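Presented below is the structure to which this report refers.
By written order: A, B, C and D. Residues from 1 in each chain.
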Amino acid sequence: MKNFETHFNSPSNFQELSEARDLYWSDILSRSALAKTIMSGDFDKRLYAIYLIETYHYVIHNPRHQALVGVHAKNAPFNYVKFCYDHANEETGHEMMAFHDLLSLGLEKNSFTLDSPLNSTELLIGYLYYVSTTGNYLRRLGYSFWAEDSYGYIGELIGKVKEQLSLDHTQMTFLVSHSAIDEAHSAEIESMLNKYCSSAEDWNEVNRVMYTTLQIQALMLDEIDSEYQRIKKGEDSRYSFLNAIL
Amino acid sequence: MKNFETHFNSPSNFQELSEARDLYWSDILSRSALAKTIMSGDFDKRLYAIYLIETYHYVIHNPRHQALVGVHAKNAPFNYVKFCYDHANEETGHEMMAFHDLLSLGLEKNSFTLDSPLNSTELLIGYLYYVSTTGNYLRRLGYSFWAEDSYGYIGELIGKVKEQLSLDHTQMTFLVSHSAIDEAHSAEIESMLNKYCSSAEDWNEVNRVMYTTLQIQALMLDEIDSEYQRIKKGEDSRYSFLNAIL
Amino acid sequence: MKNFETHFNSPSNFQELSEARDLYWSDILSRSALAKTIMSGDFDKRLYAIYLIETYHYVIHNPRHQALVGVHAKNAPFNYVKFCYDHANEETGHEMMAFHDLLSLGLEKNSFTLDSPLNSTELLIGYLYYVSTTGNYLRRLGYSFWAEDSYGYIGELIGKVKEQLSLDHTQMTFLVSHSAIDEAHSAEIESMLNKYCSSAEDWNEVNRVMYTTLQIQALMLDEIDSEYQRIKKGEDSRYSFLNAIL
Amino acid sequence: MKNFETHFNSPSNFQELSEARDLYWSDILSRSALAKTIMSGDFDKRLYAIYLIETYHYVIHNPRHQALVGVHAKNAPFNYVKFCYDHANEETGHEMMAFHDLLSLGLEKNSFTLDSPLNSTELLIGYLYYVSTTGNYLRRLGYSFWAEDSYGYIGELIGKVKEQLSLDHTQMTFLVSHSAIDEAHSAEIESMLNKYCSSAEDWNEVNRVMYTTLQIQALMLDEIDSEYQRIKKGEDSRYSFLNAIL
């Protein structure tokens, strides 16, 4: 499987969508430079810090484009629109968990600025705004479907990071809260998908967005690793200020 | 006081904003052609029907521009942003109350279409989108402040309509739910205003939007009356289909 | 004729649209407080200054919402879309003519700020964004149709202002360039209307926007007069800084 | 060099930006599956057809997001804003060249629909809307810089396609007009960059967008190749209708 190609049997129900998610994750993790670095154990806090910074950047936008789905879903069932606003409400401020975890690594609050994200992070943000304001109004669910239930896929990596960096759980509030299988929330996304996806086109668009956002996330993970390798080698990087936490 | 002029002491706290609201309403009602028609008793169901149609048109947009405030309020306190999404959630589908009341007057469901609103109704809609996506992020509260707590001002008119048309309360679900002093909701708007308006500029912008939207509403009430007078005289009107409910 | 009512025979071709424009202007001027003030001769430079400030505020947005018509006119003929972008190009920077005329009255360039427009000016701006991004993609032509060819209607008023304030033509660059019958431009708007308005709905929507924007302009003219009367009486006004040019 | 990483000396002037463009293109072409397929000669008209379809999809949006730059560039120099609208004007309708070339391959006009683009094509579209409406107002120039002057890089590939498929130049109107070194247009983009990029941040953002859009284009070229390989193998594809032109 190469980037941005989604050919296998297109999912046509929730079960098949779940299987596609398994497949995409397994493909991504098998190719991920970041996963390799983590499993090798050859990394320090700066890698986790860069991950948290990029997470901060894209997570700020989650409630905004989630709300925009509601605004643009003109003929959607009221309960779906209400879900969009309710979910936007819930997601508001979650970037502060990533920010909190970042500070917990030893950075002084006003010693740095977070101006703009890495290229692939910005790509993820921009694509999600487009997805949320055009086309099939259900399709952003394909992003929620993986983004809010990833512990099963990255739990091992999280464990390795925690152990290697001797982090306690107060330093992993974002990953813990977002990756843990939040059963209530997962159930809500599943319920939305099952209630409102009623055509092959619906499932296709949800799958397209799940696939594409997962691919961009994979690019982001690689870019995080690459940026880390740069500061490790002492090369010029916007994130050189992280040397302060070594 | 003429249209679109707001000169008296600008409010600088909640008490003064409330007083300004009293003043604007009293000015509007004293000049309202619709209020005159209602108090004269010289009207039938078609007048109420036109009011419900225009209400349907603008109420559809309330949750949308309410949510857009949250999307655009980049540096706002999280609780204000969450209020925006939560409020959008609550407002979703309220236009169906106006539609229900309309059908209750005796219209067949598919015997008519509601293509586009009257001029002033569209003006209200357009202005609220602009207010919600530009400028001071608190200012849309000036609209909520009057729109969700108007029973004290129009209760007498509502009573007159109810009596004259022999309506029961199941035919006035929109007006009853929206005009009744919803104490919880009013308290929430008051709380937002008191918590987050912290400068003269904030109060000014809230006042500006309260004033301007009330003025446009006044124009809308006049246009409703005018459209009613037209069908009453048998003149050409987009709402001639309402003759079916006489 | 009252505000925001458009009942007479709806125009169904260019000739009838022109006649409607005559009618609206004549109604507006007969009721205009600003026109009365000007014809009475009882005014000074501050009145013209306020007019220029409000003009500056709304004219900045003209190219922007003009371009947005092109962006949103998904199925429009290419020549119409091209006209939108071309027209946006031409309109860019025209607010500087109003600003230039304002400075020519004797204000120091950095002695004042132009923070936000009057209520009705902002209403005009907001409505035009809505009109330009929703509904019939031809309808903004109803605004261009009067806004770019108004000399015939307000030429006498302009003459009176010029004479009373002893202005030379370098102090009236905005009004001269925008009100003079720009034959080429007028011909272009006429050509767009005749080429692309092909249904009663098209003409109706163009007429609706012509009518509504003219009415808001009328409100703006009244508000300008009212603000002038306030500073003349020494009452509190955001425009008190204009006393410097007396 | 891996995807979405832009580390080499950041360009700080036009010359360095041009060198970066050379580098990115050379990296892309060396890894491109589509380039490999073309150079191998093992392809037929369907490959070119898929390329034209994806081109049609993204080119429709070019004038729209180009115009949006002008709308959002609030404090930009007038000449830059005017360039945006003017350029939007010029780009309007160019997708019809790709459509024309597609029909010239032997498809019946109404025998197919072009519903939605491939994943990476949609990613390019969505990212460009985001880039055009947020952040540094100059940065979309990084896209124009390569998109309108690519003949030097892909001329050899175009030549190979032309020869292999025995196409005449009337069947390559899009590639010829867009890839040919349009000296006037190139000079205009160069002039904009040199006139308005005045800080390291400006050059960085232009470079970021040049790099990222080139990378997404590379993904798109790969996805086009992959889709072609599928229909060649008789696998299920949305583009199976292209078998008609064999």
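As a convention for this text, a contact is a pair of C-beta atoms (placed from the backbone, for glycine too) under 8 Å apart; a residue touches a chain by one contact, two chains touch by 3 or more.
Predicted model only: the values in this text are computed from it and were never measured.
Note that among the pairs A-B, C-D or B-C, B-C reproduces the A-D interface, with over half of its contact pairs the same by residue number.
With centres set at the average Cα position, the gap from chain C to chain D is 40 Å.
Centre to centre, using the average C-alpha position, chain B and chain D are separated by 48 Å.
Rounded to whole angstrom, the centroid-to-centroid distance between chain B and chain C, based on C-alpha atoms, equals 28 Å. The residues of chain A never reach two or more other chains; the list is empty.
Chain pairs that touch, as defined above: A-B, A-D, B-C, C-D. In the complex of the two chains, the chain A residues touching chain B come out as 63-64, 67-68, 70-71, 78, 81-82, 85-86, 88-89, 92-93. Within the complex, the chain C residues that touch chain B are 2-7, 33, 116, 118-120, 122-123, 125-127, 129-131, 134-135, 208, 211-212, 215-216, 219-220, 222-223, 226-227, 230, 235-236.
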